[in-house]
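See the structures that follow.
Both of the next two complexes hold subunit A, though its partner changes from subunit B to subunit C.
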Partner chain A sequence: MFAAFLVVASVSLSYGQGQPADQSVTASIRAARTAGVSETVLNRLMSLAADHRLEDDGVVRLLNFFQTVQTEDLPIDPFMGKIEEGLAKQIPLDTIAAVLGKKLEDYRFVRRVLTIKTEEQEISHQDLSRMVGSLDGGITREELARFIQEASAQDLSMLARATEILALLKQVRFNESLTREILFTGLRNNSLTQSWDYLARVVATAKRRQISDDEIARAARQALEANQPFGDFMAALGFTPRDLRHGPAVGRSAERNQ
Partner chain B sequence: MDIKRWLLLLSLMLWIPGCMSLKGDRLLKNEQYQDGLATFTGIVHEEPQNPEAQYYLGRFYLALERPEEALPHLKQAVKGDPAKADYHFWLGVAYWAIRDFDLERKSYLQALAKDPKHVPARLYLAHNFLDSGEWQEALDNYDLLLRREPYNPEALYNRALALKELHRPKEEARAFKRYLQYYQEGKWALRAVDHLNRLGKFSYRNFTIGYRRVTLEHIPFPPGSAKLLSQGKPSLQVLGTILSINDKIWLEVVCYKNGDPSLATARAKAVRDYLLQEYPRLKPSRIGVRGIGRTERIKTGSKVYLLDDSTTFITTRK
Partner chain C sequence: MSRKKDPSDQPFRDSSAKVENTAYENNENQDLLALKRLIYRMPDREAPAGLTESILSSLEPKTVPGWVRIYRWALRPRTVTFQPLKLVPAAMVLVLGLAIAFQFGPWRKDPGSMDPRQASLIPVTFTLSSPEAESVSLIGSFNQWNPAGHKMQQLGDRNTWALEIRLPEGRHEYAFLVDGKMVVPDQSSPFYQSDGFGNRNSVLFVSRDEPTNI
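Entry: the complex of A and B
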């Protein structure tokens, strides 16, 4: 902890072309730390600031932003990711800040919707991020709110998965009403498990094979209602299996079954 | 000695050529996936640059159905030793497990570029084409594989499916028959027969004997005769075995011969006699016979087929 503190302290002194950091930067680091922002995050941010020669006021802006994120108990990583991506692409800080602001609003929106739906139920940062990610994936806030309101929310991880799939199926232009039927079936039966994460990829391939949306939805509903493995759904659409343990049986000589 | 030193010693021992693969293969073969995971996690920790260790760790993750964790290790294995076809192949399998069919295909192609005789990669490449609806490419790859492995069941069955999708019904029927020539048990045999019957081919049929659906080959007789030919005997042996195992099943043998009810009855009796002779413990009362002097009418899908000459089996008690 002390070593990390030294790193942040030294970076804060040197990030701006070897000049001592502005008092406001030091104060912002202190405030962010007090709010609970981790030393790792502060180190990463200060390193980025040094690498990309950010002005003091830009650094203060980002530090204050992280303080807000931390205070509101939101995940920091997605925001840090956006900053890193933006700086790597040499996007102006004002534009990055606007993106961060919009993302923060998305998080607040999803949390509000969830609070209305589930009241006190805790949601993990990971699940919250998945739901927010669905907004980046092409569904509107209104669509997401409506979906969450109408869905069963016994298991928030499953609900998060459902919102992600909702966006992905929209991207592959799968019938929206059938999408809702599939996802509500999975949520109602508590069967939309991790193995369904890649549903949209299978749907996209099935559609390329001219399998209709109705047929895909029928197979998915059947599998979800019966709590069958995802592989059964794929088999129903004519996908061939793979053996993850041994690979295919090869080298056998045929024995006539008698 | 502390755990770290033990791990180091183990990793040094496994560096001896062949030792690591022996250990990894043995654990995989014995399905000791958790043990394998623990062992190779330690080795990879000590030797992250060792592609073989990365490969086995990836395999154990994959066997435990954790493909997301398998992928980075299999990628490392490929990066560390790109000449190994097996590494590319298993990376492809991991991509399939996360349903990334494009990268799956690329990996199999890489494996085949390193080793054109790599049978598993050829087979799964063909599957990948089939899943994507690229029927001709699937067929070509199944055919390439069957030159090396003429009895591979997955290739035999799926090439018939590819021919179905290519609308080549004569070849499709031949392909399903070829599959059934070697494999007459299990769900794929049942499905192959359903496909054949849909095409109006009844050299194989599925019957429900007791609670089980089984595939039986046509029971042939010489023209105008009730003498059983040897070709039908294997199917009757399947029936006899089921009746021997489950004495609650009662069966009726029904033969059709259009315009000749007495020949039909004689044939049904010949079938029963054969069963009683081969399985002397069967009570004669459990096997009834009936001869019908008209065509058998079979409906498959929207089509109706009439068979002049056939033998069927009906469970009368179970």
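Entry: the complex of A and C
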């Protein structure tokens, strides 16, 4: 942390010794710091600026953006990640800034919807990001808002998980009305626990095996109503973990080859 | 005991070389010559018996501190000669000793014991079929989208690129960066996320829990 502070301080100092444009970077760093942007984030941004040789006005723009995010008490990491991702993919800074702006609007939208739904209930940055991520996963703002309004919101972590699964099941073209039935059952029974994060993967594999959506939904509903472990749901569909492996191979090479 | 030679018998080098000196210097030289003649005309006497022994016995041997002797020894220059062939056995013994020390020494890393942070990570192997690619890197939320250090290796069939890395549990977004510029999602992953820039990132769920390790 101290090292990060030193880097940012030295960058601030070097900018402070430069031209008027540089001084605006220094001022923006100071303003972002005052707003509560962490030294780690500032350090990451200044390192990126150096690595990708960003112009001063671009750096100022990003710093001011971070200041806004911090002031609105939104998570900065997803925005920082998006900048890193954009630069790695050689996206022009103007485009990155536009994407950041849209993402910020998504965050504001989801928080507005949640405020209406839950009133005073606090939502963690992680759960908020998860819900916003479902918008990038293929569901529209209207679909998300309707789902949140209709869902039980006793536990916001479960609600966040449900929105994520909603988007993922849409990607594998699972019946939308059955999707809602499954998720609402889990939320109503408070049984959509962490292990159900993998529901979409099971559904994708089941569909490849020609298991019908109705059959999958029935097994899921039964497990969620009875608050059974996720493994029981998998077993009900006749799966072993080995059957479900798809995509990047998780686990040691030796284990996979056995 | 040999008879001392009278200095007046030989030319007095200084006085003869400096004839141009002042009268005062000449007088002084004369006095010196006279004094020397006087000394050399004195009768020789034998040293008293036992003088040498008494002088030697009065001299006590000097005791030098040990550290001074070591210091002097260390400072003394030496020449070492050796035959290279004769050094081979010594070198072999040294290498063998080091090998044993590294194998069984206290600093040897037990393969079973891993850094706790590493142990909590789960190995994941990514593959991409891209026979025409010159280079492929893995970028994702787990490496801050930085292609450096995550270059994939081309397998023997020359078609497939692969990389095994260790990831923490959870959800990760990733893509392949082909030839440093083209973003390619993982076709083997059924899930994706729009990146907002017009591409798709693949989505991966990593879990330690074996039943859901899918």
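By definition in this document, the second predicted complex is superposed on the first by the 226 of 258 C-alpha atoms of A that agree within 3 Å, B and C clash if a C-alpha of one lies under 4 Å from a C-alpha of the other, contacts with A are read in each partner's own complex, and residues count from 1 in each chain.
By our rule, a residue touches a chain if its C-beta (ideal position, glycine included) is under 8 Å from a C-beta of that chain, and two chains touch if they have at least 3 such contacts.
Just so it is clear, the structure is predicted and the values come from calculations on it, not from any experiment.
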State whether A:Q210 touches subunit B only (first), subunit C only (second), both chains, or neither.
-> first
Does the superposition put A:K89 against subunit B (first), subunit C (second), both, or neither?
-> second
Which holds for A:Y198: it touches subunit B only (first), subunit C only (second), both, or neither?
-> both
More residues of subunit A in touch with subunit C or with subunit B?
-> C
Partner chain in contact with A:G133 - subunit B first, subunit C second, else both or neither = second
Could you pull out which residues of subunit A sit against subunit B in one structure and against subunit C in the other?
-> 198, 201-202, 205, 244-253, 256
Touching residues (chain side subunit C, partner subunit A) in the complex | 122-127, 139, 141, 144-147, 164, 171, 177, 181, 183, 186, 188-197, 199, 201-207, 209-214
Flag every residue of subunit A that touches subunit B in the complex, lowest number first.
-> 198, 201-202, 205, 208-210, 238-240, 242, 244-258
In the complex, go through subunit A and note every residue touching subunit C.
-> 44, 81-82, 84-91, 95-96, 99, 102-103, 133, 136-138, 164, 168, 171-172, 195, 197-198, 200-202, 204-205, 230-231, 234, 241, 244-253, 256
Under the touch definition given earlier, write down the residues of subunit B that touch subunit A in their complex.
-> 28, 31, 33, 62-63, 65, 67, 89-90, 93, 96-101, 119-120, 123-124, 127, 130-133, 149-154, 158, 161, 181-185, 189, 234, 237-238
